[in-house]
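Heads up, the next two complexes both have chain A, just with different partners, chain B and then chain C.
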Partner chain A sequence: MAYDISTWVNLAAFTGAGIAMGLGAVGAAIGEGYTASEASVAVSRNTKLSGDVFKSMLVGQAVAESASIFALVIAILLLFLDVPNPTLVKGAALFGAGLCMGFGAIGSGVGSGFPGGQACRGMVHQPAMASRLTTNMLIGSAVCQTPAIFAMVVALILMFVDFSSAPLQPTWAALLGAGVSTGLAAIGSGIGGGLAAGASCEGVARSPEAVGPVTTTMLVGQAVSQTPSIFGLLISFVLVFKTFPETAALQTAMALLGAGLCMGFGGIGPGIGNGMAAEGAVRWVARRVDHAGDLMRTMLVGQAVSQSTAIYAMVISLVLIFVV
Partner chain B sequence: MQDLGLIHQLLIQLGGYTLTFNLEAIVMAWIVIAVLLFLGIYTTRKRAILPHSMQVFGELIVSSLYKLTEDALDEKLARTYAPLVTALFMFLLLSNWIGMVPHLHEPTKDLNTPLSLGIMGFVIAHYAGIKSKGFKAYAKEYFEPIFFMMPLNLIGELAKIVSISFRLFGNIMGGSIIILVVSFLTYSIILPPFLNAFFGIFVGAVQAFVFTMLTVVYISVQVK
Partner chain C sequence: MAIEGADIVKAAAFLGAGLAMGLGAIGPGVGEGMAAAKTCEAIGRNPKEAGLLTRTMLVGQAVSESTGIYSLVIALLLLFVV
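Showing the complex of A and B:
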């Protein structure tokens, strides 16, 4: 049974939409559940503040949900997108966009639950710092969304850039690889950034006078945790915007898909690891403000070592793209 | 929608070579520089013990950024590098915010701007490292823990440039793409101002701060 091309493109778009929303719902739900469980702990410690805790829980959950809202936007766009001149390459691009946004929303959703939960807890310990805790929670979880935003950008590029002149043979694999690379690499960075943000809310509640250094350490730590997802974005850009000559050989296509998979999976671990390093540093900056500089240096050196595995993955991906 | 990823380029043929100028980034960067120069002259004009309001504004910016540098480096080094840090932060902040003005675009949306700033920070950090430790101790660090780790240490250092510049570029360009697509889909009704507030003001400020702090921290890792 033979279908025409527009049927295939629709098929790819609908499957992509399903994957984007299905996977995209995973992370945010876990993150929100964590926030709610910490809020329950907080309320049971001090029932008088239950109103404040309840409010801050809802705000934290609303921010944690934004990753899955990105996924919803992409899924709706994929369902109703009107493709002007459908080609099979466009189908691959739409499927890749769905994969990218689906995977990419997981990490940020889980991660941005941590600051929400810790802010609820901190509010009970230090009711006077409630507004500052809310600010830190909002900054931390907004920066946490960056990997999901990268995934959304790659998804939008895959959906709206015109690939009709590109040859089918290696390009389909390149576009799928581009989606998988940013999508998977965003998982680790999202969770890692959330760990750092959670520790900062805990730290602000523990020692209110350390607000400045704690926030600075959190931002630097989160920024470095995002590095693996930035490498994923780099590989995606190379895969999308480099023009590949037409070839009948399957190994070229597989190398490009493999490059995306390599960077994607390679980015998960370093993202979480860097986040742990940042979490520790932020937590201890709150206790030893006078040693903030030393702690940040230790954190950065540790993160640089933990990041080296992401760099290996990037080197192999670039070799797969440019050499093989 | 077709202007997604489009770059205005000026091509000049010169003796067999083609010189490429990304006009938008150059012009916008010069606008930012002009605004900063004007701000600098305006805030330092008629300085007095009893400061006028613009002088207070200028002192506030400079003193808080000096304080930030002193926290990361020690006092003596901070005096050397704080002017750089202040200039870098103000340039990046204004560059990231300028896109909210209609018809202007962020120079940081073009990869060349963050990449050149990243390379500048990298060179300065390594120069500071060589100056404070001496070349031998500096070079020895690449061969640690064992000598054959040298290529990987080298790639790790170079990856810092990639990560610092792509972080800024990805955030700013990502924000502008999302604003463009959402404005297009909603016919510019209701949503774009909020998106501009988030991606322009908030993300722009956070990323300018992160870029500046990372540059300072890279210097401090090298000198200690």
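Showing the complex of A and C:
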């Protein structure tokens, strides 16, 4: 039974939409649940402040929700996208877009929950610092959203760039690889950035006088946590915009798909690890602000080592794309 | 389109290399981050021993790194040797 090309393109787009929204809903729900659980604990400690805590919980949850809203937008676009001249390559691109957004929303959703929860708790410990806690929560969770935004950018590029002149072999594998590279790598950076942001809200509540060093350490730590997802974005751009000569060989296609999987999975661990290092450093900068310099240095050395495996993954990805 | 045996073997080797390095990078990344987080805690509690603690962290991370290097070696073998 033979199907025409537009059937295959629709199949890919609808499957991609399902994956985008299904996976994309996981992270935000977990993050918001964490925020709500911490808010409940906070209210139980001081019921008089329940209004402030409630407001802070809703703001924090709204930011965490944005990752899954990105996924919703991409899913709806995939469902109703009008493809002018359908090709099988476009089908692969649409499926890749769905994978990218689905995986890419997980980390940011989970990560944004941490600062929301810690801000609710902090509000009860230090009601005087409420506005500063909200600021740190918003800055921290905004940085957590960047990996999801990278995933949305790659998904939109895959959906709207015209690939009709590209040969099916091996472009289909390059486009699927581009989707998983940014999507998977975003998981680690989103969670890692959230760990650092959560510790900063905890730290501001614990020692209000250390708010400056705590925020600086958080931002530096988050910036390093974001790098694996930037590597993922880089590999995606190479895979999308490099033109590959037509070949019947399966090995070229698998090398390109492998490059995307390699950078995608390879970015998860270092993203989370860098975030853990930043969490530890931010937490202790708040307690021992006189040793902020030592802690920042140790954080950066530890993050550099944790980063090394993401760099190995990027090297193997680049070898798979350009050498073999 | 006939796919030859040698092509399939190479295709599997390339995909395997990507998966080996990608999945192999997860553990060391998380493990080394944990080591760094606990070292920051330890330096916060006892800043005088910062040098000793940093050394301990680096040795521990080097051991944790080893599995990432195994993955890298296997990926390079799959790419260039087999």
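To be clear about the criterion, the second predicted complex is superposed on the first by the 324 of 324 C-alpha atoms of A that agree within 3 Å, B and C clash if a C-alpha of one lies under 4 Å from a C-alpha of the other, contacts with A are read in each partner's own complex, and residues count from 1 in each chain.
The criterion applied here is as follows: a residue touches a chain if its C-beta (ideal position, glycine included) is under 8 Å from a C-beta of that chain, and two chains touch if they have at least 3 such contacts.
Just so we're clear, the structure is a prediction, and the values are computed from it rather than from any experiment.
*Asks:* Which chain, chain B or chain C, ends up touching more residues of chain A in the combined arrangement?
*Replies:* Touched residues of chain A are more numerous for C.
*Asks:* Regarding the shared-chain residue A:G266, is it in contact with chain B (first), chain C (second), both, or neither?
*Replies:* Touch status of A:G266: second partner only.
*Asks:* Using the superposition on chain A described above, determine whether A:A281 touches chain B (first), chain C (second), both, or neither.
*Replies:* After superposing on A, A:A281 lies in contact with chain C but is clear of chain B.
*Asks:* Pick one for A:A313: touches chain B only (first), chain C only (second), both, or neither.
*Replies:* second
*Asks:* Would you check which partner chain A:G302 touches, where first means chain B only, second means chain C only, and both and neither mean what they say?
*Replies:* second
*Asks:* Thinking of the overlay built on chain A, is A:A62 touched by chain B (first), by chain C (second), by both, or by neither?
*Replies:* neither
*Asks:* Looking at A:L233 after the superposition, I want to know if it touches chain B, chain C, both of them or none. Which is it: first, second, both, neither?
*Replies:* A:L233 sits against chain B, while chain C stays out of touch.
*Asks:* Let me test your reading of the model: by the given contact rule, A:H291 touches which partner, first (chain B), second (chain C), both or neither?
*Replies:* After superposition on chain A, A:H291 lies in contact with chain C alone.
*Asks:* Now for A:A255: first (chain B), second (chain C), both, or neither, which partner does it touch?
*Replies:* second
*Asks:* After the superposition on A, what does A:V41 contact: first (chain B), second (chain C), both or neither?
*Replies:* neither
*Asks:* Where on chain A do the contacts with chain B and the contacts with chain C coincide?
*Replies:* 301, 307-308, 312, 315
*Asks:* Flag every residue of chain A that touches chain B in the complex, lowest number first.
*Replies:* Result: residues 77, 139, 142-143, 146, 149-150, 152-153, 156-157, 160-162, 213, 216, 219-220, 223-224, 226-227, 230-231, 233-234, 241, 292-293, 296-297, 300-301, 304, 307-308, 311-312, 314-315 of chain A touch chain B.
*Asks:* Can you tell me which positions in chain B touch chain A when the two form their complex?
*Replies:* Chain B residues touching chain A: 1-2, 4-5, 68, 71-72, 152, 155-156, 159-160, 162-163, 166-167, 170-171, 173-175, 177-178, 181, 185, 198, 202-203, 206, 209-210, 213-214, 217, 220-221, 224.
*Asks:* Spell out the residues on chain C that touch chain A in their complex, using ranges where they run on.
*Replies:* Touch list, chain C to chain A: 1, 3, 7-8, 10-19, 21-41, 43-44, 47, 50, 53-54, 57-58, 61-62, 65, 68-69, 71-72, 75-76, 79-80.
*Asks:* Show which residues of chain A lie in contact with chain C when the two form their complex.
*Replies:* Per the stated touch rule, the residues are 184, 188, 192, 228, 248-251, 253-255, 257-277, 279-281, 283-285, 287-288, 291, 294-295, 298-299, 301-303, 305-310, 312-313, 315-317, 319-320, 323-324.
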